[in-house]
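Just below is one structure, and these are the notes that go with it.
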Amino acid sequence: MNPVNYLYLAGLLFTIGASGVLIRRNAIVLFMCVELMLNASNLALVTFSRLHGNLDGQIIAFFTMVVAAAEVVVGLAIIVSIFRTRHSASVDDSNLMKL
Amino acid sequence: MNSLIPLLVAAPLAGAALLLLGGRRLDRFGHWLATAFAALSFAFGLALLASMLGRETAERQVDVNLFSWIPVNGFQADVGFQLDQLSITFVLLITGVGTLIHLYSVGYMAHDERRRRFFAYLNLFLAAMLLLVLADNYLLLYVGWEGVGLASYLLIGFWQHKPSAATAAKKAFLVNRVGDMGLSIAIMLMFAEFGSFAFGPLLGSEGTAGAVGQASEGKLTAIGLMLLLAACGKSAQVPLQSWLGDAMEGPTPVSALIHAATMVTAGVYLITRSASIFNLAPDAQTTVVVVGAVTLIFGAIVGCAKDDIKKALAGSTMSQIGYMILAAGLGPIGYVYAIMHLVTHGFFKAGLFLGAGSVMHGMNDEVNMRHYGGLRKYMPVTFVTFGLGYLAIIGFPGLSGFFSKDKIIEAAFAKGGTEGWILGGVTLLGAAITAFYMTRVMLLTFFGEKRWQPDAEGHEPHPHESPSTMKIPMIVLAFGSVFAGGLFTLNSSFLHWLEPVTGHAEGDSPLSPLTVTLITTLCMVAGVAVSYLMYGRSPVPVVPPVGSALTRAARRDLLQDDFNHAVLVRPGSALAAALVYFDSRGLDGFVNGLAATIGGVSSRLRRIQNGYVRSYALSMFGGTLVLVATTLLMRSV
Amino acid sequence: MSHWLAAAGGNSASIPAPHVEYGQLSPMLVVFGAAVAGILAEAFLPRRARYWSQVTIALLGLAGAFTAVIVLASQGYGSTRVDLLAMGAVALDGPALFLQGVILLVAVVAVLTYAERKVEPKAGGVPVDAFVAQAAATPGGEQERAAVRAGFASTEVFPLTMFAVGGMLLFPAANDLLTMFVALEVFSLPLYLLCALARRRRLLSQEAAVKYFLLGAFASAFFLFGTALLYGYAGSVRLGDIADVISGEAPATQALLSTTQNDALLLIGLALLSVGLLFKVGAVPFHSWTPDVYQGAPTPVTGFMAAATKVAAFGALMRLFYVAFPGLRWDWRPVMWGVAILTMVVGAVLAVTQQDVKRLLAYSSIAHAGFILTGVIATNKQGLGAVLFYLLAYSFVTLGAFAVVTLVRDSRGEATHLSSWAGLGRRSPLLAAVFALFLLAFAGIPLTSGFTGKFAVFQAAAAGGATPLVIIGVLSSAVAAFFYIRVIVLMFFSDPQPGGPTVAVPSAFTATAIGVGVLVTLGLGLLPQYFLDLASKVSPFVR
Amino acid sequence: MSYLLTATCAVPAAGAVLTAALPAGTDDGRRRVTKIVALAVSLATLALAALVAVRFEPGGARYQLTESYSWIRSFGITFSLGADGIGTVLVLLTAVLVPVVLLASWHDADPERGAGGTADPATFENRRRTQAFFALILAVEAMVLVSFLATDVFVFYVFFEAMLIPMYFLIGGFGDRAGGPESARQRSYAAVKFLLYNLLGGLVMLAAVIGLYVIAQDQGFATFDLPTLTGAVADGKLVVNPTAEKALFLGFFFAFAVKAPLWPLHTWLPNAMGESTAGTAVLITAVVDKVGTFAMLRFCLGLFPDASKTFAPAILVLSLIGIMYGALLAVGQKDIKRLIAYASISHFGFIIMGIFAMTSQGQSGATLYMVNHGISTAALMLVAGFLISRRGSRLIADYGGVQKVAPVLAGSFLIGGLATLSLPGLAPFVSEFLVLVGTFTRYPVIGIIATFGIVLAALYVLVLYQRTMTGPVKDSVRGMHDLKVRELAVVAPLVALTILLGVYPKPLTDIVNPAVDATLSQVHETDPAPAHPVAATPGGEQK
C-alpha cells in the first residue's frame, strides 16, 4: 500500500480532532480530540519514518505518547477539579472571564 | 554741545522713570519735578538752537551715534540722533508747549489722587515724541512712534475707572497700531530694497543724494503709501481718524498735548522727513493730498455738529492737520508751510484746549456747550486767551493762523491746473467752515445767556477763573497765537530756516498772493457771519434740535464708528467666535474623535474575547488556516 | 511487514552510544535536580518544614544553575565557543545561554514573589501565601475550610515551578523539533497546574487553568503535526538538517528527492510550528488565552508566566527561524509581518478599554510580543541582540508590575479592578510611583529599560528593511501609551474611593522582587551599555 | 575637557533628588526649608549658566565647552554636550526663569492654597506635596538644559521625551486656586492631552531617529553625534535620498511642531496652560516649548538641509496661520490663562516663521524671540497668576477695576502685556521685527500678512487689560491687596530684562549671530541681497 495514504489518513484524523475541539462542549471530549490530533501526528511521523527509511519518526512517536500521557494526567486533574466545583464538564460554563 | 542731544530725550524719560518708581514719597512734589524735567529739556533745546544758529547753514545738521542697537548680519539698527532745523523746530515746540501744559496741569490736576502718575505719563509722552523727531533712522523713529502711542494710551485712559475712558484709550492704541503696521511695512520695504533704513544714507542730506533715487518709482510709491498709512494713524487722518474724538476722554491737558505739540503732528513730521521719498513718488503724493483734503473737510464738518467743546476742538484739530498733510503732499512747495502751520497751530490749539479745560474746570467738568453761555464775565482771562486763539485759528488777519493757513492755501492753488483749483477750493471751503464752527464754539461758550445746568450730584456750577498755574500757560500761548505767524513770515525767516532740510520750490499760482489772501479773508468773514446769524442772535436751545441728516451724521462723527463696527468689529468678533468653536470642536474634535474611534474599535473588538474556550480555539484555528494559506500563497506568488 | 523491520534493522548497527555532556548541560540538570529534590521534600518532610525547605531548595537550585551559566559563559561559551550537546539535541550558544541566564534570574525573582507570606491574612494562625490551601478541595467546600483552618499550603508550587523553569531552559536551547516539543510540554504542564492554584477566586483560577490547558494542548497538537510534516519533508527533525535540505546542501537520498518536491509539506509544517510557538508568545490571532489566563492565575504565577514563557518562547521562535528556515525567509517574513502588525495593533487597541489591571497587563504583553516580533523579523545580528535585550528588559518590568499588583488588596484579596486603583498615588505614593515607573517602561519612555529595548528592536527592524513595521510600531506605541497613562492618571489624579483597597506591607521577598524590577528597569534605561554588549556579543545560533 | 556643562545640568538634577528627599511635613518650617533649598539650587544653576555664557566666545568654534562621555556604544551614542550660540542664550533663559518661577510658585504647592491636594493635610501626599512640586520643577530644568546642550541626537531625544513625565505630573498634580469641583477632571484631562500629543510627536520622531541612524550606519556613520552627522551631510559624505530625507525631516519636525506648538497641533497648549499653576504654565510655554523651536534650528536644518528648504514655504504658511489663528482665538477667550496660551501660539508662529524664512535676520530674530517671549510671557503669566491667586477665578469677567485697588499689580500686568504686544523699546519688539524683516526679504507677501498680527496682538492684550484692570471696581476685587515683596521680586527682574534686552540686545545678538550664520550655511542659504544696497552709495559721498 502506498504510504502516502497513511498521510491522508493522518491529515483526516487531525482535521477530525481539530473540528472536535471546535464543536464539542464536554471538556473531556475536547481533550480526547486533542489526543486524536496528537495521534494523527504520530501516524504521520511513523509514515514519514517509513518513507525516509530512518527511525527518528518512530522514536518521536514514542516520545509523543509519553508526553500525551503526561498531558492526560495534568488535564484530567484540572478537568476533574473544575467538574467537582461546577458539577459540569461543559467548557461553555467556564466563561467568567471575558472581554 | 552735541552731547545735549541725548539728554533732550533722557531728561523727561528720567523724570517718568523717577516718578513711576519713586512711589508715594514723591506724591507731594512729583508734579514739580516733572515740570522741571520738561523745562530742562526745553532749556537744552534752546541751548542747542543757539548753538545751531551759530553755525553755517551747511553745518547745522548734527549726528550723534550712541550705540549699536540691533546688529544682525546685514541688518544694522543704531541708536543715533539727528538734529537739524526740522527736528529742533519740533523739539522746541514739543518741549516748550509741553512745559506749559505741565505747568497748567499742576493746577488742573491738583485734586487728583494719582497726579504723580499723570505727570510721569506726561514726561513719558514728551520723551517718546522727542525720540520720534530726533531719531536718525526709521526703526528708532518707530520706537518713539509707538512710545507716543503708549503714552497717549496711558493718558487718554488716565481716568481708568470710567469705562468710556478705558475704551477710548484702547481704541486710540489700536487704530494707531494699524498705522504702525504701515510704518513697519515701510521699514521692511526699505530694508529689502536698500539694506538700510537710516535717514542719512537713504534720504541723503543737503547736497547729497540718498539711495532712494535708485529705486523704481513703484517701490517708492509703495513705501510712500505705507508711510502715509502710518501718518494717518498718528495724525488722525481719514480713514484712521476715529480715535481722535474719543480721545477727549482723557484729562484736558492731555488733549492739548496730543493735539498741539505731540502725537498728531508726528504724521506731518514723518511725511516731511521722508520728503526725498515722496518727491520721487508722485502717486503717493497725490494720495497724501487727497487724504489731507478729505480729512480737512471731514474734520471741519464734524467740528460743526459737536456740542461737546472738546470734541468740537478735536474736529478742528483733525481739519487743521488735514491742512498740514495736504501741504506736505504738495511736495517742496508745501513742506515748509505745513511745518509752519503746525507750529502756529501748536500755539493756538494748545491755547484753545487749555482754555476749554479752564472752562470745564470752572463748570464742574461740564463739556456740553449748550450748558455754557455768558461765561466771558466770569472768566475774563480765559475768555481773552481763548478768544485770541479763536482769532488765530480762523485766520484773523495779522494773527498766527492767518499767515500759516494763507500760505497753505496759496500753495494749494500753486499746485497748478485743475488740481490746483480743486485743492484751492477745498482749502478755502475749509477756512470758511473753520470760521463757522469756531465762532459757534465761541458764541455758545462765552456769549449769550446762561444755560448752566446742575451736575449729576445737583451742584449748581459756580464759574470762576482758574488758578495762576493754569492762567500763565494760557497767556503765554496766547502770545504765541498772536505773534508766531507774523514772526515766521517776516523776511520769510521760517522758509529760510527750514529750506535746507525740506527743500522748497515756488509754485506757479494762477492767483496772486494778495488775491488768495483776500478770498481767504472773505471766506472767513462769511463763516463768522453765518455762525453769528445762527447762534449769536437767538437763544440757543439747551436740548439740541434734531437737525438735518448731515448734522446727525456729523454728530456721530460721520458714522465712522458705525462703519468700523459693521465692517471690522462685528465680522471680527464673529470670526473669533467661530474660530473658538472650530478649535474646540474642529481640531480638538478631530483628535477626540480619533480617540473615540479607537475606543469604539476597542470595545467592539473586545466582544471577540467572549470567554468561551471553544471560540478561542476557533480563532486559533482560523488563524492557523490563514497562516497556512498565506504561507502557501507567498510561495505561489 | 518485513521492510519496516529491514528499514529499522538497517540502521540498528549504527546507533551510537549516547554521549551526554553533563557539565555543559548542568544549568538544566541542576534545576531539574532541585525540582526532584523538591518533590522528595514534599513527600517526606513534615508540613511545617516544607515551606522553608522548598524556598531554600528552589532558590539554591536556581542560584546553582545560574552559577553554572556564568561558569559556562566564563569559559567562553556563548561568545567565542559554541557547542552541540546531547548528540546534537541541545545547543549551547550565545542566545541559549543568554536566555537561560535571563530565565533563571526571572525565576529567582518569581520564586521570591511565590514565597511572600505576609500579604495574605493569616489562615488558622499560620501565615499563608497566594496559593490554595489544598488544590483538590472543592472551592468553598467543607474540605477546603478545614484545610484553610489547618493552615495547609500548596508548597508543591515550588517544585512545579522548578520543572517549568527546567523546561524553559531547554526550550530556547532545543536544537531539534522533538526536544523542542518535549521542552514545550515540560514547561507548559506545570504552568497549567500552577494556574489552577490560586487561594482566592478559585473559580477564576480553575477556569484559567482549563482554558490554558485546552488551548495549550490544542496548540501543541499543531506544533507536533508541523513537526511531523517537516520531518516528512526533510527526513530529520534536527534544525540544521532541515536547513540543509531546504538549501539543497544535504546529500540527496531517494526519499528526499520525492518529499522535497512537495513544498506544501515544508510550508504547512512551517506554518503549524509557528502556530505552536506564536501561541506561547501570545501573538494575535493566537492570543485569546492570554487575558483570561493572566487574570485568573495566581498573580505571582502570572508574573512568572508572563516573563519567563515569553523569554523561552521567543528564544525557540528565533532559533527555529534563524537556524532551520533562513532559506525560507521570503516565505515566512511577510506572514510574520502580518502577525506582528496585528499583534501590536490589536494588543494596543484592546488594552484601551480594559478595566482590570491584570487583563490590562495581559493585553500590554500582547502588544509587546508584537514589538519583539519586529525585532525577530529583522533577521540580522542587530535583531538578535535587540530581541535578547528586549526580553531581559521586558521580563523584569513585568515581574515588578505583577508583584505590585499582589500588594494592592481589599477584603476579597487582590483588588485588580482599575476603579479601585483610583487615588492610589495619594494613599501610597511610593508604590504608585514604582508602578508608574513600570508603566512608563512599558510605554517606552526614555531613561527606562522599555525605551532602550524598543529603540534597539525598532532600530534593528529598520536596518532589516522593515520600516513600515517600525512606523506601525511607533503608532501603536502611542495608542499603548494612552492606557498606561490612563492608569497613572487614575492613581495620581483621581480621588481615592471610600473603602478602596489598602496597600499591604510586603515581606522582604516581594520587596526584593519589586526592588530588583526597579533597579533593572532604571539600570537598563540609564546605563544599558553592559547589557547591550552582552546581548550583542552573543554568538549567532549554532547549527 | 571642562565639566562646566555637565555641572550646569547636574546641579538641578541633583537638586531635584535632594529636594525630593528633604523631610516631609505640613508645617511651614519644613516647607520653607524645601523651598529655600530648591531656590538655592536654581540660583546655583543660574550662576553656572552665567559662567557658561561668560566662557563662551562668540567668535569661536561652533560648539564650545564640549564634553563627551561614552554612553551606549552599541548604537554609537555618546553623552555629548556642547554650547553653541543659540543653545547658550536658551540655557541662560532657562536658568533665569526657573528661580523666578520657583519664587512665583512659593505657595502654589501648599495644600491649603493650591488646588489638587486632598482635604486632609496629614496625608502622605500632602506632606510630600511641596517637595514633589519643587523637585519636579528642578527635574524639568535639568532635562531642558540637557536638551539645549546635547550634541548627540539620541541624547537630545531621550531628554526631549523624558521631560514629559515631570511636566505631566506638574500639570496634572498642581493647579491654581481657581478650580471648581470640575477642575481635577479638567486638569487631568489637560495633563493627559499634553502627554499624549507630545508622546505621539516623540514616537514619530523616534521612528525618524532610528531611520536616520540606519541610513547613516549604512554609509559608515554609525553615530548620533550631531557635528559629525551635519558635517557629513554638508560635505556630501552622507547622502540621504530625497524621499527618505523628506520623511525623516517630517518625523523630526512633527515632534518639534507638536512641542512648539505649531498650528494645527497646538490644542494641547491652552488646556495645559489653563489648568496648571501659573508657574507651570510659564515653564511650559517659556522653557519647555522652546526646546521644540530650538530643535528645529539645530536638528531639522542641520541634518536635513534640502528637505528643510523644500518644506519651508509650507511651514511658513502654517506658521502664518498660527500667528493669525492664535491671536484671533486669544481675542475670543474668556479665561485669562487660556488667552495667554493662545497668544503664545501666535508668538510661536512668529518664531517658526523666523526659522524657516532662512535669513539671518529671521533666524537671529527667532532665537531672540525665544528668549524674549520667554521673559515677557513669564511676566504676563506670573502676574496673572498672582491676580488669580487673590480672587480665585480665571475668568476675565470676574475682574474689573483692579488697577484702582492694586496699582502695582496692574502696572506690572500692563508691562507684561505691552511686551506681549511687542511694544518698541521692550525686548519682544526687537525679535518680532527681525523675524518680520527676515521673512519679508524672502517672502514679502507672508511678511506683510504676518504684520497684521501686531494689530491683533494689541487687540487681545488691551482688551484683557481693559476688562480686568480698568473700569469701576468690582465688588469681587474690592480689598484685593497689591503685590507683596516676594511677588515684586518675581516681577522686577523680568521687567528689567524686558527693558534691558529691548534697548540693548547686542550682548545676545553677538552670541547668536555666528551660530545663525553656521546654521544658514548648513542649509546653503544666503540672505537675499537688497536691490539697491546703500553700501553702493556710502553716506551719499558719490553724486
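By written order: A, B, C and D. Residues from 1 in each chain.
Note that in this section a contact is a pair of C-beta atoms (placed from the backbone, for glycine too) under 8 Å apart; a residue touches a chain by one contact, two chains touch by 3 or more.
Everything numeric in this text was worked out from a predicted model, so none of it was measured.
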{"item": "Touching chain B and also chain C, the following chains", "value": "A, D"}
{"item": "Selected interface, A-B versus C-D, where C-beta contact pairs are more numerous", "value": "C-D"}
{"item": "Chain separated most widely from chain A, comparing mean CA positions", "value": "B"}
{"item": "Distance between the centres, which are taken as Cα means, of chain D and chain C, whole angstrom", "value": "45"}
{"item": "Whole-Å gap between the CA centroids of chain A and chain B", "value": "96"}
{"item": "Chain centre separation (chain A, chain C; CA means) in Å", "value": "24"}
{"item": "Chain A and chain D: spacing of chain centres that average the CA atoms, whole Å", "value": "65"}
{"item": "Of all residues in chain C, the ones touching two or more other chains", "value": "210-211, 214, 218, 222, 291-292, 482"}
{"item": "Touching two or more other chains - residue numbers and ranges from chain D", "value": "none"}
{"item": "Of all residues in chain B, the ones touching two or more other chains", "value": "606, 609, 611, 613, 617"}
{"item": "All touching chain pairs, where touch follows the definition stated at the start", "value": "A-B, A-C, B-C, B-D, C-D"}
{"item": "Interfacial residue positions of chain A with respect to chain C in the complex", "value": "7, 10, 14, 17-18, 21, 27, 30-31, 34, 37-38, 40-42, 44-45, 47-60, 63-64, 67, 70-71, 74-75, 77-79, 81-82, 84-86, 91, 94-98"}
{"item": "List of chain C residues in touch with chain A within their complex", "value": "4, 7-8, 10-11, 135-136, 138-139, 178, 181-182, 185, 189, 192-193, 196, 202-204, 206-211, 213-214, 217-218, 220-222, 224-225, 227-229, 231-232, 235-237, 253, 255-256, 258-259, 291-292, 295-296"}
{"item": "Partner chain A, residues of chain B touching it in the complex", "value": "606-607, 609-614, 617-618, 621"}
{"item": "Sites on chain B touched by chain C in the complex", "value": "595, 598-599, 601-603, 605-606, 608-609, 611, 613, 615-617, 619-620, 622-624, 626-628, 630-632, 634-635"}
{"item": "Touch list for chain A against partner chain B, complex", "value": "18, 21-25, 30, 91-92, 94-99"}
